[in-house]
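I am attaching a structure below and will ask some questions about it afterwards.
Chain nomenclature is as follows: A, B, C and D, assigned in order of appearance, with residue numbering initiated at 1 for each chain independently.
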Amino acid sequence: MQLGMIGLGRMGANIVRRLMKAGHECVVYDRDPKPGAALAGEGAIAASDLADLVSKLKAPRAIWVMLPAGEITEATLKELAGLVLPGDTLIDGGNAFWKDDVRRGKELAAKGLHYLDVGTSGGVHGLDRGYCLMIGGAKEAFDRLEPIFKTLAPGKGGIEPTKHRDGRNPRSEEGYLHCGPVGAGHFVKMVHNGIEYGMMQAFAEGFDLLRNASAKEGLPPEYGFDFDVAEVSEVWRRGSVVTSWLLDLTAEALAADEDLSAYTGNVSDSGEGRWTVEAALDTATPAEVLTSALYTRFRSRKDHTFAEKILSAMRAGFGGHVEPKKP
Amino acid sequence: MQLGMIGLGRMGANIVRRLMKAGHECVVYDRDPKPGAALAGEGAIAASDLADLVSKLKAPRAIWVMLPAGEITEATLKELAGLVLPGDTLIDGGNAFWKDDVRRGKELAAKGLHYLDVGTSGGVHGLDRGYCLMIGGAKEAFDRLEPIFKTLAPGKGGIEPTKHRDGRNPRSEEGYLHCGPVGAGHFVKMVHNGIEYGMMQAFAEGFDLLRNASAKEGLPPEYGFDFDVAEVSEVWRRGSVVTSWLLDLTAEALAADEDLSAYTGNVSDSGEGRWTVEAALDTATPAEVLTSALYTRFRSRKDHTFAEKILSAMRAGFGGHVEPKKP
Amino acid sequence: MQLGMIGLGRMGANIVRRLMKAGHECVVYDRDPKPGAALAGEGAIAASDLADLVSKLKAPRAIWVMLPAGEITEATLKELAGLVLPGDTLIDGGNAFWKDDVRRGKELAAKGLHYLDVGTSGGVHGLDRGYCLMIGGAKEAFDRLEPIFKTLAPGKGGIEPTKHRDGRNPRSEEGYLHCGPVGAGHFVKMVHNGIEYGMMQAFAEGFDLLRNASAKEGLPPEYGFDFDVAEVSEVWRRGSVVTSWLLDLTAEALAADEDLSAYTGNVSDSGEGRWTVEAALDTATPAEVLTSALYTRFRSRKDHTFAEKILSAMRAGFGGHVEPKKP
Amino acid sequence: MQLGMIGLGRMGANIVRRLMKAGHECVVYDRDPKPGAALAGEGAIAASDLADLVSKLKAPRAIWVMLPAGEITEATLKELAGLVLPGDTLIDGGNAFWKDDVRRGKELAAKGLHYLDVGTSGGVHGLDRGYCLMIGGAKEAFDRLEPIFKTLAPGKGGIEPTKHRDGRNPRSEEGYLHCGPVGAGHFVKMVHNGIEYGMMQAFAEGFDLLRNASAKEGLPPEYGFDFDVAEVSEVWRRGSVVTSWLLDLTAEALAADEDLSAYTGNVSDSGEGRWTVEAALDTATPAEVLTSALYTRFRSRKDHTFAEKILSAMRAGFGGHVEPKKP
C-alpha cells in the first residue's frame, strides 16, 4: 500500500527501504533534499514540501512522521493537519512523550483525523532485523495500516515459539502489536526503554565489579584475579541465564577492546528514561532499578556533584576529616 | 574420560546424563540410593559410598561434587580429601562462596590435590541446552579435564559469532572458560547471578508499571490503558533491545496466565546475590542496581518492615498523620 | 497588621492564634462555621463568605489561603481574584505544586495582584515553636507582609548561632526567608520535604536493622543481640552525629511502645516527595536517597507487587524454584 | 577512678582531658612521646611503654585503647593481654568491626579478662559536648566502669526530656548505654554511622537539587530560580522538620562559602558504612538508603567507572549513539 514518510534520517530512510523492498509505495520528504533524492533513486517518490507530499498520496492517506525532536514533530503534525482530509491518518514513529500523544490525538480527532503513535525499536539494525512496533490509536486505523506494520516488523523468524500461546494474538509473534488507544504505543515503548536502562546498568555494574576485582592492590587478601572481561562476556552468551542482545553487543565491544578506551563514560539519557520514572511516580510503582539506572547516567556526565562537596564539608565539620586524593 | 559424580539431584544427574551421552564414563553416588540406581540403568557405575566411588576411579581421579548446601559440600570434600591421592582433582560444581573456595583450594593444595571451582549455569534446561561453565583453579587441572567441560558446555550452536574475536580464546565460544585461579569460577558465576538479579528486577518493574498504568482509577487523566502484558512480552521478543532468555521465560509465564495468580510474590534470594554485594563493598564498586534487586527480594518476604512502622510513627509525631488503609 | 485567613483547619487556626497573640488583626473564614466562631471567641473577626472577608479587610489587602487540597485552593484563589483589587496580595500557605504557583502567579499578576507562595513547616507543633517559612513572590509584597512572617516564624530562640554569618540575611536566623520569585517558596519547601523523607528512611532502616539483628534464629553465629531500640534512640539524642528532631520524635514513639504495635506500616506520601523526584528529573540531579525513600513508601502500601510475582515466575522458569513461605 | 589510655590522638587525648577534669586519674601512653608529655603537663601519668602503663595501674585495671586502625588495635590488645591479670578489663573505644570484637571477647574471656567495646560518637566536639557512648560487654565490667562512662557522656544537658520514659533506663538520658554482650557497642555505633551516611546524603541531594534548579539554562521554562543555599540551610534550622546537628554543620560550611570551593567532592567512607550494609545482608534487611549513601561515596572518588564505559559502548552498539561532551 501507499505511505508518506516525513523525515529521512537513518530510521526514516531505512523504514522506507524495508517497505519498498516488500512492494509498498512510498512518497518521501525531508527538509534536506539529499536523502529524498537518494531514495528516489531506489524507487521512492520524492516530494518537494509537505503540501506536495499530501497531494501525491491518495485518500485515505497515511503519513508517517519520523523526526528526532519533539518540537519539530509537533510543528510538522500541526502543518500536516491543515493539509490532509478527514479520514486520513497521521503517524508519529518517533520517541514522543505519550502524554503529548494523548493531547495531540484529541486535537486531531476533533478534525476527523486518525492518529497513531508507534514506538519503534530496532535501532541501526532495523533495516535487516525488522522493527519491533508498539502501536497506539484507534483500532480501525491500525487495521487499515496493518500491511505496513507487518512488513516493518521482524516476523516470526527463527525464534522459538513461546509455549501456552494458543489462541493468543498472532501479531505479537510477528513483532507488532496494537497496544491500546492513542498514547499506548509510546507508553509501551517508553517502558521498554526503561527496562533497557535497567538491564544495561545490571551488565555495566557486573563488568565493573569484575574489573575492580582484578585490581592489583587495595583488596582483601582472597582477591588475586585478573579477569578477561571479553572472554567472560563471550562465555555467558552460551547457556547462561543472562543471554540477551545487550550481552551480544557488550561481547562485541569488549572483543574489539576490552578496556573500551574509545569511550569516556559520559552517558546520555533520552526522554524515555525520565518519563518512565515519571510514570512510576504517577502510578506509585516502586521502580528502584529503572530509576537508579537513570541516575547513574546523570552522575556520569559530571566531574563532581555539589552533593559530594556537601558530604565533604559535613565530614570536615563533625570529624575534622580531610578529603582523600583520587587513587 | 572418567568422572566421579557425588550428588545426584536434578543438576548432578543431568550432568551425568549429558556426559554419558558423549561417551564419558561416570561413577556416581548419592546418599539416597534411588537416583544412583536410576543412572546405573542408563549406563553409570553406581558406588555405595565415597570410598567405593574413589576405588572405582582410576588415578589421576576427577570427582565432581554437586550438592546443594555449603555445609554438606564442605564435609564431603573433607572426607574425599582423606580418600584420594596426590594428583587427583576435586571439583565443586555447586554455588559455593568463592572465599571458601580460596581457603579450601589452599588446604587441598597442601595435600597435593587439585581443586577446581566450577560455576554452572543452565538450570533445568542444561541437559538439552548445555551448561555455561565458569571454571577456577590450576590451569593444569583444567587442561586435563577439558574434555568433560567441552561436553557439558552448549558449544557454538546456532548463535551468531561475535565480531572482532579473531585470535581470542575459542573455548568461550563453546560455552566454557578457565577464569583464573581457584575461586575465579565461582566469582564469575556469582557476578553472573548478580547481573541476573538486576535484569530480572528491570523486567519486573517494567511489567509492574504496565499493570499499574492499567488501573481503572486513581491515575492522572491521561491514563486510560488496559495493557495485555502477555502480548507486550511477546512482541518485545522480536527486534527489540530487551530480547533475552529472561524475557522468553517471562513471555511463557504470562502466556500461561497473565495474572500470575499461581505466585504469591515471596521471592527467595540465594547466596550469590548477597556475595555480589559483598564483593561490591570489598572493591568499592557502586552497584546500585544489583543491590536494589536484592533488597526488593528481602522486602518481598515480609508483611511489613519495622522500618515502615518507624516512618508511620514519625509522621504521627510531627504531623499528626494517621496511616492510610491499603487500597 | 491585618490579615485574612481562609481555611481554619489545625494549621490555619493555629497561624491565626499565633498572629493574634502578637497583636495582629485577623479576619477569618471557613466553609464550616464552627472554627471561625471559635476563633471569634479568641478575638478574630469571622466572615460569612469570601466576599464578606474581602469587604472586612482594608486595601491593600493580604489574604492567606490555607486549604488542604490543590483543587479547592485553586478554586478559592480564582474566586478571590474576582473580589479583590489591584495591589492586594493573595498567599497560598498550603503544599502546592510549585509549577502551579508559577502559572497562577502569572495569571494574578495580569490582574495587578500580588501572589506569595509560602512553604510552611512546623506541623502540629507550630503554634508553640513557630513556623519555618519559605516564601516566594515579588520582593515588594514580601516586604509589606514581613511583620506577619516575623511573628509566625520561630525567631532566634535558644539555638546556637551559626558561625561565619556576619553580613548575611538576618531573616533566615529568625526562621523566615524570601527565597525568590513566585514558586521559590514551595520549591524550597518541597526540597525540605524530600530531605525529610530521606532522613526518615535512614532512621527507619537503622532501627529495622537493630531489630532484625536481635532475631533469635536464622543469623550468622556472631549475632546474639537483643537491642532495646527505645534506649538506643534515647542515647543517640546526646552527643551523637544523628541528633535531630526526627530522632527526638522516634525516641518518643519508641519510649511509648518499642514495638510500635499501634502502627501497621502503611506509609503515605504527599505530593512533595513525588515533586522532588520530578525536579530531580528536570535538573538531571542524581537523587538516589530521596527517591528510594519515596519508593519504600509506595511498596509499604501493597501486599505484594506484580513485580514480585514476575520474579517468582522467572525463577520457576529457569530454575524450577518454588516460592518460600513467609517466615 | 583510675584508667589507662593507649593512643593519644585527638580522640584519646580529649577523653583523658575530660576524665581528668572530673577528677579521674589517667595513666597514658602513645608511641609518639609528645602527646603523653603534654598530657602529663595537664596532670596525667605518662607511661613509657605498655608494660610500664600496666604496672602503674592498680588491679583490677581498666585500659582503654583508642587507636585509629584495626591492625594496630589488634596487636596492642594482644600484647596487653599478656601483661594484665585476670579480672582486668580491656576496652576498645575505636571503630572496630563488631565481629572482631566477638572473636576477641572470647579470646580474652578464655584468659579471665573482661573486654568492653565502646562505640564513641562526638568527634572533634566531644571534649566540650561529651561523647555519646554505646557499650558492649559483660554487665559486671560495665557496672564497675560506669563512673568513667558517666563522666565522658554529655549528660542530660539542656535537651528536652523524651515523653513516656518513666521507669526506663536513666543512663540513656545521660548519653551512655550498655547495649548488650561484647560486640553490641560497636554494632550500635556502626548502625549510627550508617544512619549518619543516609542523613548526610539526604541533605547533600537536597542542596544539590537547589543548586541545579538555579541553573541559568537547560531547564524547563518554569525554572528561573537563584537559590541562596546558605540562607536556605539557615532558615531550616528553625522550626523545620529537618533540624539536626548535620544541618547545623552544613549551614556553617555554606555560610563560610556557599560554593564550598575548598572541597573537591572526593568523599571517604570508613568501615562502618560497609559493615552496616554487610549486616543488612546478614539479616535480610532492605537498606536502600544506607547503601545508596555508601555507593555515592564510592562513585565520588572516581573520574569514571568502567560501568559507564560499558553503557556508552552498548549505546553505540544498538543505536550508533555518540557520547556527549560534559557540559
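Criterion: a residue touches a chain if its C-beta (ideal position, glycine included) is under 8 Å from a C-beta of that chain, and two chains touch if they have at least 3 such contacts.
Each chain and its UniProt protein: A, B, C, D = Decarboxylating 6-phosphogluconate dehydrogenase.
Everything numeric here is computed off the predicted structure, so don't read it as measured data.
Peer 1: Based on mean C-alpha positions, I'd like to know which chain lies farthest from chain C.
Peer 2: Result for max centroid distance from chain C is chain B.
Peer 1: Does B-C or A-B have the larger number of C-beta pairs in contact?
Peer 2: Result: the pair with more contacts is A-B.
Peer 1: Using mean C-alpha positions as chain centres, tell me how far chain A is from chain C in Å, no decimals.
Peer 2: 38
Peer 1: Using mean CA coordinates as chain centres, what's the gap between chain B and chain C in Å?
Peer 2: The mean C-alpha positions of chain B and chain C differ by 46 Å.
Peer 1: Just how far, in Å, is the C-alpha centre of chain B from the one of chain A?
Peer 2: Each chain reduced to its C-alpha mean, chain A and chain B end up 31 Å apart.
Peer 1: Among the residues of chain D, which ones contact at least 2 other chains?
Peer 2: Where chain D meets two or more other chains at a single residue, that happens at 123, 201, 203, 205, 208, 212, 241, 245-246, 252, 280, 284-288, 292, 295-296, 299, 301, 305, 307, 318.
Peer 1: Note which residues of chain D are touching chain A in the complex, please.
Peer 2: 10, 123-125, 200-201, 203-205, 207-208, 211-212, 245-246, 249-250, 252-254, 260, 263-268, 288, 292, 296-297, 299-321, 323-327
Peer 1: Would you tell me which residues of chain D are touching chain C in their complex?
Peer 2: 98-99, 102-103, 121-123, 126, 129-134, 153-160, 162-165, 168-169, 171-177, 179-181, 183-184, 187-188, 191-199, 201-203, 205-206, 208-210, 212-213, 215, 219-220, 222-228, 230-232, 234-248, 251-252, 255-256, 276, 279-280, 282-290, 292-293, 295-296
Peer 1: Can you list the chain B residues touching chain D in their complex?
Peer 2: The touching residues are 241, 269, 274, 277-278, 280-281, 284-288, 291-292, 294-296, 298-299, 301, 305, 307, 318.
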